[in-house]
Each structure stands twice: as structure tokens, then as C-alpha cells.
Amino acid sequence: MRILAYGVAGWLILAGAYGMVRSRNLVHVTVCLSVAQSGTYVLLLAIGYQWGAPAPVFSPGSPIKLPVVDSVVQSLAFTDIVVSATVTALLLALAIQIHKTHRTLDPDELQSLKG
Amino acid sequence: MTLLLGAGLVLILGALAPAVWLGVRGSALERLVGLQMAGAVLVPVLLLLTYGYGQSSYLIVPLVLAVLSFAGVLVFLRLLDSRS
Amino acid sequence: MNAALIAVSLLLVAAAGTAVVATNDPGRQAVSLSALGVALALLFFVLQAPDVALSQIAVGTALVPLMVLLAVRKTGK
Amino acid sequence: MSRRARQAVFGTGAAVLAVLFALAAAGLPPFGGDQHPYRDRAVAAALHQATANVVASLTFDLRGLDTLGEEMILLGSVVGAVALLRPRPDEKPHADDKTSRPQQDAVALISYVFLPLTLLLGFDLLVHGHLTPGGGFQGGVVLATGLHLLYLSGGYDALRRLRPLAWYEWVEGLTTAAFALAGTANLVNFLPHGRVQQLFSAGTVPILNILVGFAVGAGAVVLLAQFLTQAITLEGEG
Amino acid sequence: MLPAAIALPLLAGALLLAVGRHLPRLLADSAALLIAAAVAVLTGLVAIEATGGRLVTWAGTWRPVGIVLVADPLGAGLACLAALLTCCAMLYSRRYLEDAGTHFHVLMLLFLGGMTGFALTGDLFNMFVFFELMGAVAYALTGMRIEEPGSVQGAFNFAVINSLGAYLTLAGIALLYARTGELGMPQAGVALAGHRADATVVAAFVFVAAGLLVKAAVAPMHFWLADAHAVAPAPVCMLLSGVMVELGLYGVLRVYQVVFAGTIPQAVVTRAWVVLGLLTALVGSLMCAGQRHLKRLLAYSTIAHGGLFLAAAGLGAAGPIAGVALGVAGHAGAKGALFGVCGLLLDRHHSVDEGELHGRGGGWREPSCWLFLAAGLLLTGLPPFGPGLGKVVAEEGAWWLPAVSLLVSSITGGAVLRAGLRVFLGWGRRLPPPRPDQTYGGDESPETEEPLPRTPKSMLAALALLLAGSAAAGVTPRLAEWAGRGAAMFLDRGDYLRQALTGAAGHPPATVPEVGWTTSGVLLGLLATAGALAVAALQLRAGEAGVSEPGPLRRLHLGHIGDYVAWLFAGVATLAVLIGSSLI
């Protein structure tokens, strides 16, 4: 299970980055970036898991029982998700403006920054 | 408990996985069908797992999923529709 | 049973993620990204993180794909 | 670089890093183990603060500074996206838009049914964030999504009428400021904690949840509005 | 006091957003300026107080659970530098980007809050959050001029590469958390201390360093910087070049010192920093020499200086670190002033292209001519001013440093002087029109709403202040002494851990390096200036050849996002090999 969990996390990061390397569209680059980031969520939550422990939420009506799974990584993953959404929004906004000024989103055809 | 979790697992393998598979293949509209199915199947899966884990507070998750995935698919449909 | 659930969810996420990256047309990618969001929500749920699953559902299956689709609509014309 | 050269450079780097990552993962404690020292301290602190949802406690109380930063990232991105997507001088909104037509009756009906349901669900997430899974962020996004169901039922015009953007920017700015203030003050959780698992417990956590919920909801609405405007109404050379 | 220094600009930014649309521009300007000044005073006081012992605050009362903020002289000093630069940038930008309204001010204040938070935090994840805050705001600020093709593309490249770096950093933080179960830097440092540097520790370090090195524009992860700095509005460039790059450097050194120094030996990382630093200095200098786009030229000069800083500070000795601290302060002022003058040129002539502006800068009677040339001279390391003192002190670290520093200063300083002489005085041969593989700086839209009839006094005042600050960094003995103490405290790991974890009273460092001008230092500084003048003269005579450069290197810098991602991975892999190979 260790191999699978960490492997999937690493795979998502690498696959996302590879998608960015071979991409022909900046919106595609943005989506690949968010796939790469989802690798970090998987990594974080995999680290915090504990067999047989429930979520760190002691809801009303149920007794307070320990242990629970690691709440810290959940808080981190949660922050991470919000960060990802905001960065994606900014990148998409930039992509829209790039399309307006360049008439293309293909990185091979963008020519304004050289040397 | 294990029975419920097992039922969830069967549903994941038998319905959710094919739905996600549909969601990543073909044209945008074909994918949308898969997405709609995945959202619809995930709700009972999460319900089964909630009872399987014996954590009633998890129920909020399928509830939110049911509402949002439905709304999401409708918005998608509308945007894809007026594009083509 | 937990192990099987986690393993299946992990594989589902890996497959969906790979498929999203491999899709070249961003319009289709937006829909598949939403499907990846669904798979991730399941994974977070079986990893006992309902809080994170909720935000993934809210952000990853609705908000972000919607923005992607709107951007595609604007730039695809 | 040529495509091939680029992929070769990437492949080499990625291979090295993949090996490093694999070795690193092999040296980690086993998956699902019980060694989580920070978790143990956090759970104890959360219970001491009478916060039943430990994740909420970490987010809004114990590690509140992270959330302050995160909230500011959100604010900065919204402001940034608004600034980046501001209409250029040569762009004007065009009046006739086929997407502004109301949708078919069935869809409209469904949307009207779902709208109050979604809003209620959003509020529920906000109010019980310290007790059950959920909280300000999720609730805020659900509220914003609920509002955008209007787009389905009444068309884009109905949405625009119900969504005076200046007003949302106010809400966004003020609630963010309120959050910053409360968050700074909350660097000490100064309200009475109450008893764990009660609605009125956890001190400032539920208040922050609600504030954040409105801030996030307003932010998401403003953000989506920018994209909708770009995609649907702006004509120009674009 | 520390949470206030972080929260004040953030809070003010949020409030400004709420009321901004009804605020007259002048009021918004003054408010933002005032807040930045208040943060500068606050962090300045903290920095001075910290020379007697670090200031430690736990955000929240949750000593073992919450987030620890630790201010030592270098960290607080950097925060103060960021606030001072923000002041100058706000003063300079009174007439800037008027169609963006108060959004510009809000973003600048959030940017400042992100930088102070990054400099003062003692917690890894909190560092990541502020790193992202700096980033997200900077991406938006860079792309502000939405009708410029270069501007939006540069901002996009900046955003993608920095975000990818940040995610690698987060992965590293996750690995470290899995290993130690801690997020606080001092706690993690204690948990790691005495353990062998196995693959997990190395991987955690390499990944955490990745994002920070990207921010510090270390080759081959530097590509985004030239793109972003060439296109960002001038006041934003002041902050990006003057302090954000240096914050990346600070972050990586700080993380090593506090978390990993007990596990990975200093000699191992020194080797990596020296190799990467020299590579960066070389690439930056070569690319700098051949630019005709003025802002791109300055950007490559920043890269070269960053490499020099990394190589010197990476030695892990107090003397060089003190030198780098002074050098960073001096560099920030001089480079800020240079970017400011470029903004003026852009406003007046709609161009920042050296060939196109030939002789059009306005001659000796134009104040910006003096500012530009003076800043260029400062940048070469002319004694007795700030950048020079920094370089001289830093050079005492290793025998090869003076030679490298001489080379970098001569080439980059020479390029700046050459450009200034050509643009303002019309010296040298005329440049031919740009080749298709060069970035052309002409035909850009100005950053002000309408052309300014004459340069507003506020702009000139901001530039003069920057220059004065840069010069003063070299002739203020107190500052040099503080830098020396700060450097000694930066390296005193045991004391950091003890103070952060137990709240014990701090004590001043035992040994403080001597920081000041020496005879050999003055000679070296003069030599560098002379070298720069010689390079400038050569390039002016050479004309076309003066702005050409090695071809293959230029062909790597094409603004292609796929290339940049590939090099990012190659760069992180290089670091991994450099560290890993000497541990096996």
C-alpha cells in the first residue's frame, strides 16, 4: 500500500509536469499544473492516514474516541486546494489575455520574449 | 459494517470506474455523460461507506455532492451546448 | 476492506489524472478534470478526510472546471 | 529547443527525481502507521478549545495565521483576476446574446427548486463548520454555486440583475478585513469556549467560519463574474 | 509586534479594497504609502532590537501546536528592506496604471504582507503559504498591462514556473512531515538532529529547496525572471528584483540552517551552492552583456548578482553572509533606481530599446541621466558605497570569489553603463535594427495614462531616495556592524532552536565578523569599476558586436513554457545529484 499511495502521488506530479512539457495550448498547461498539484494532496493525505481511525471530527451525539487520522495534513491539503483554485483562476485570466494579444495559445507560436 | 463497505466497493468497481472511464474518453458531450453518471453513482457509494464506517457526520458529503454535481453538469451542458 | 477501498480509489485517481493530462483538447479536458475531481473526492473520503473531500467537491468538480470551460470558450473562437 | 530535446531534458531530470522520490518514500514510516506527534498535540489543543472538528480548529485557531495568508491569497487572486480581466478600451459588451435566453422549462424548474436548497446547504455548512465536516470555504463556494444556478434558470441577464458586482466587492473586502481583524485577534481565541459538541462552542471558530464563508462566497461570485463577462458578453477584438 | 508587522499591510489592503472605489486616488496613494512606512518602521525597530537576541512570538498561545514567528536581524532586516522598497515604489507610482484603480495599491500591500510574513515565519508550511501569497500577487502585478503581448506572456511563464516550484516545495514539506511529524522549522530541526542523512532527508531538502531556488532565479531555473522583469511595470520590478529574488535565497539558506544543518553537512551543501551559484553568475553575465532591451538587461544583471550572492552566502561563514546582506541592500536601491529610470524612458519614448533610444535620453541636463549613470556606477561596486562594500566583504570567503565577483561586476556593470551612455548621451555606434531572435524593446505602450509633460517630482524623489539608500549602505558603520551580528546569529543554530522552542532570552553572538572597508577592498572595488568602464567602452566602440552574445545560450531563452518546465526539473535533479553524490 505504501508503494501504491506514494507512487500515485509521485506519478500525478510527474504526469502533470510531462503534460506541461509537451503541451500545445496554454489552457492545457494550466490544467496539467492543477493535475500536478493534485499529486500533493494525495501525498499529504496518504501521510496522515492511520488504519482504522476515523476522521478528526467529534460530531455531536457520538462519544469522543481516539485515535483519529492526522488532522494536520487535512488542514494543509485544504489550504492547498484553495491555493490551487486561485492560481488556476489567475493563470486562466492570463491565458485569456494572451489569446487576445497573440491570437494563439500555442507556446510554439508565442514570440514576444526571446533571448 | 464490512458488508456495507463491500457493497460500496462493488459499486465503485462496477459503476463508478466505468463512469469515470466514460468521463475521460470521446467528445466533450460523451464525457459529460460519464461525468453525470460518476456524480450520480458516487452519491450512493458515499452513503454506503458512511454507514459502513459508522460515522453519521460524513453524510453531509454525499448531500453536497448530489446538489453540486447536478448543478455542475447542467452548467456544463449549457456552456457546451451554446458553443457548438 | 479498507485497504481494498483505498487501493481502488488510488488507482482510479491515477487513471483519471493520466487521462486528463493525455487529453489535448482543453474543452474536453475541462469535463475530464471534473471527473478527476470526483475520483479525488472518493479517495479523500475513504482516507477519512470528509472536510477535504467537501472542498474538493466544491472547488475541484464545480468551480475550477467551470472556469476552464469559460476560458476555453473565450479563447477557442 | 526542439520538442525532442525538450523531452530529453525533462526525461533526464524527471528520472533522477523519480528515483530520489522512490528512495525517499521507501524510508518513510509505514502507510497508515500511528506515529503522528503533531496530530496528538493538535487534537488535545482542539478539545481544550472545545472545537469538535479538529480540522476547523487547526484552520481557524491553532494555525490561524496560515488561514489568514490563504484568505489573502484568495483576495489577491480575485483582485488580480479582476484587474487582469478588466475590459480593454476597445472592448464593449454586446447586448444580444443567445445564452441569455431562458433555458427550457424543465431545466428552469429544476434550477428554481435547487436554488434555495443549495443556499440552505451552504448556510448549514457555514454554521456547523466547527462541529461537522465543512466550514467557511466549502460553504462559501456552495453559496456561490447556488447563485449561479440562476444562470441556468433565468439566463445570464437574471444573474446580472441579482448580482450587482460593486456590492459583492464590498462584501468581499469588508468580510476579508473583518476576517483579518478577527484572525489577528484570534491569534488568541478570546471568546468563551463553551462545551465541546455544542452549537455555541469553540470560541471564535464559528464566527470566523461564517465570515470566511461570506468572503469566499463573494470572492467566488466576483471571480466567476469576470470569466462569464469575458466569455459571454465581451465583444471586441478579442 | 511580529504578527502586527504581517497583519497590518494585509488588513490595510483588504480595507482599501472595500472602500477603494470611493476614494480619491491621492488618498489611496497616501494611505498605501503610510502603511508601508509604518511597516518599515516596525520591522526596522524589530531588526535593531533583534541584534541583542531574537524576538520569538507564537501566533496564538499554542506554544507546541501553533506557528512560531522568529525575527533575527537578517530576517527582520529583509522585511524592512521590502517595506522601504514598497514605500519608494508607491511614491514612484503616483501616476501609474490609473485604469487599474486602487487594485494596484491593494495588490502592492498584499505583496508587502506576503514578504514580511515570509521573512519572519519560523514554520515551513506557513512559509509556503506566504510564498504563494507573494507569488499570486506578483503574477497579477506583472501582467497588469494587459494590452502588451509581452506582459501577459511573461506573467504567465512566471506564474507557471513559480507555482510548479512551490508544489515541489510542498511535496518536500510533506516528506519532512512524514519523517519528523513536525511543521515548525525548529521542531523539525530538533527531530532530525543527529540522524543520518538518508534518502528521505535528502529528498525533503532537495524538494523544499526547489521552489525557493526557483524564486531566487538560480540557473537553470532562472528563465522566468527575465521574462517577468522585462515586462512588469517599473515599480513592481523594483520589488521583484530588489527583494523577492533575495527572499528566495534567504529562504533556502534559512531552511538549511534551522532544519537540515544538523543532518546534512555544511560542506555538502556548500559544494552545491557554489556550483549552482557560479553557473547562475556566468549565465546571467553572458546574457546581460548582449541585451538591447533595457529592462531585460537589468533582469539578467539581477540573475548574475543572485548567483554571486548564492555562491558567497552558501559558504556558510559569517563574513560572507554579512557581506551578502549589505550587498542585497545596496543592490536593491541601485537596481530599483535603474528600473525606475527605465519606466521614465518608457513613458516618454514608448520604448526601452537601446538602439531605438540612441541619444534620445535627454543628455546631461536630464536628471534621469545622472540617476541612471550613478546607479550603474554603484552597481559596479564603486567604493565606498553599499553594493561595493557588500561585494568586498563577501569576497573574503574564498580565494576564487574576488575573481568571479570582478568578472560579474565588470560585465554587468559595463553593460548597464554602456546602455546608459548610449541612450542618454548618444555615445558609441548606432545599433542596427533588432534581429528576429532578439527581444525588441520598442513600440511599447507607456505605463501612465497620458504622457507626463515633465517628470513629476515624486518620481524623481523616489529614485533619489533609492540611490541614497544604496549609497548609504556602504558608509554607515552601524549598519555594517548590525549585518555582522546578524550574520553571526543567522549561523548560530543552537541558539535559534533554544530560543524558538523554550522562549529563553536571547543573547548576542559570541564572535562577530569584522565588516568594513579595507585597503585591498577599496582597490578591488576600484578595479571592478575600472573594468566596467573598460567593458562599456569596448561595447560602445563595437556597435553591433557589442550587443551580440553566444548564440546557443540565447536559443535556450525563448519564452517557451515547455522548455522552462523541462529545465526546472533538470535543475532540481542537478541539485539532487550534487547533494546525493557526496553523501553516498
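Remarks
Labels for the chains are A, B, C, D and E, by order of writing; each one numbers its residues from 1.
Just so it is clear, a residue touches a chain if its C-beta (ideal position, glycine included) is under 8 Å from a C-beta of that chain, and two chains touch if they have at least 3 such contacts.
All values reported here derive from a predicted model rather than from experimental measurement.
Using the contact threshold fixed earlier, the set of chains in contact with both chain C and chain D is A, B.
Farthest chain from chain D, judged by C-alpha centroids: E.
Just count the C-beta contacts per chain pair and the biggest one is D-E. Relative to chain B, the most remote chain by averaged C-alpha coordinates is E.
If you average the CA atoms of chain D and of chain E, the two centres end up 31 Å from each other. Each chain gets one centre point, the mean of its Cα atoms, and the points for chain A and chain E are 28 Å apart.
For this pair, chain C with chain E, the centres built from the Cα atoms lie 37 Å apart.
Averaging Cα coordinates per chain places chain A and chain C 10 Å apart.
Shown for chain D are the residues in touch with two or more other chains, namely 6-7, 10, 14, 17, 21, 25-26, 28, 36, 38-39, 42, 53, 55, 63, 66, 70, 73, 76-77, 80-81, 84, 88, 125, 132-134, 137-138, 142, 145, 223, 227, 230-231, 238.
For chain A, residues touching at least two other chains, in rising order: 1, 5, 17-18, 21-22, 30, 39, 46-49, 51, 54-55, 57, 59, 61, 68-69, 72, 74, 78-79, 82-83, 86-87, 89-90, 92-97, 99-100. With touch defined as above, residues shared between interfaces to two or more other chains in chain E number as follows: 125, 129, 132, 136, 139-140, 143, 146-147, 152, 175, 177-178, 183, 558, 560, 562, 565-566, 569. Interchain contacts give a graph that is no line, ring or star and is not complete, per the touch definition above. In summary, the structure contains touching chain pairs A-B, A-C, A-D, A-E, B-C, B-D, C-D, D-E. Residues 2-3, 6-7, 10-11, 13-14, 17-18, 20-22, 24, 26, 29-30, 33, 36, 40, 43-44, 47-52, 55-56, 59-60, 63-64, 67-68, 70-72, 74-75 of chain C are the ones that touch chain A when the two sit in their complex. Interface residues of chain B facing chain C in the complex, by the touch rule stated above, are 2, 5-6, 8-9, 12-13, 16-17, 20-21, 23-28, 31-32, 34-35, 38-39, 42, 45-46, 49, 53, 57-58, 60-61, 64-65, 68-69, 71-72, 75-76, 79-80, 83. Here chain B touches chain A in the complex through residues 53, 55-58, going by the rule given at the top.
Put simply, chain E touches chain A in their complex at residues 125, 129, 132, 135-136, 139-140, 143, 146-150, 152-157, 159-160, 163-164, 167-168, 170-171, 174-175, 177-178, 183, 226-227, 230-231, 287, 290-291, 296, 437-439, 554, 557-562, 565-566, 569. By the touch criterion stated above, chain B contacts chain D in their complex at residues 57-58, 60-61, 63-64, 67-68, 70-72, 74-75, 78-79, 82.
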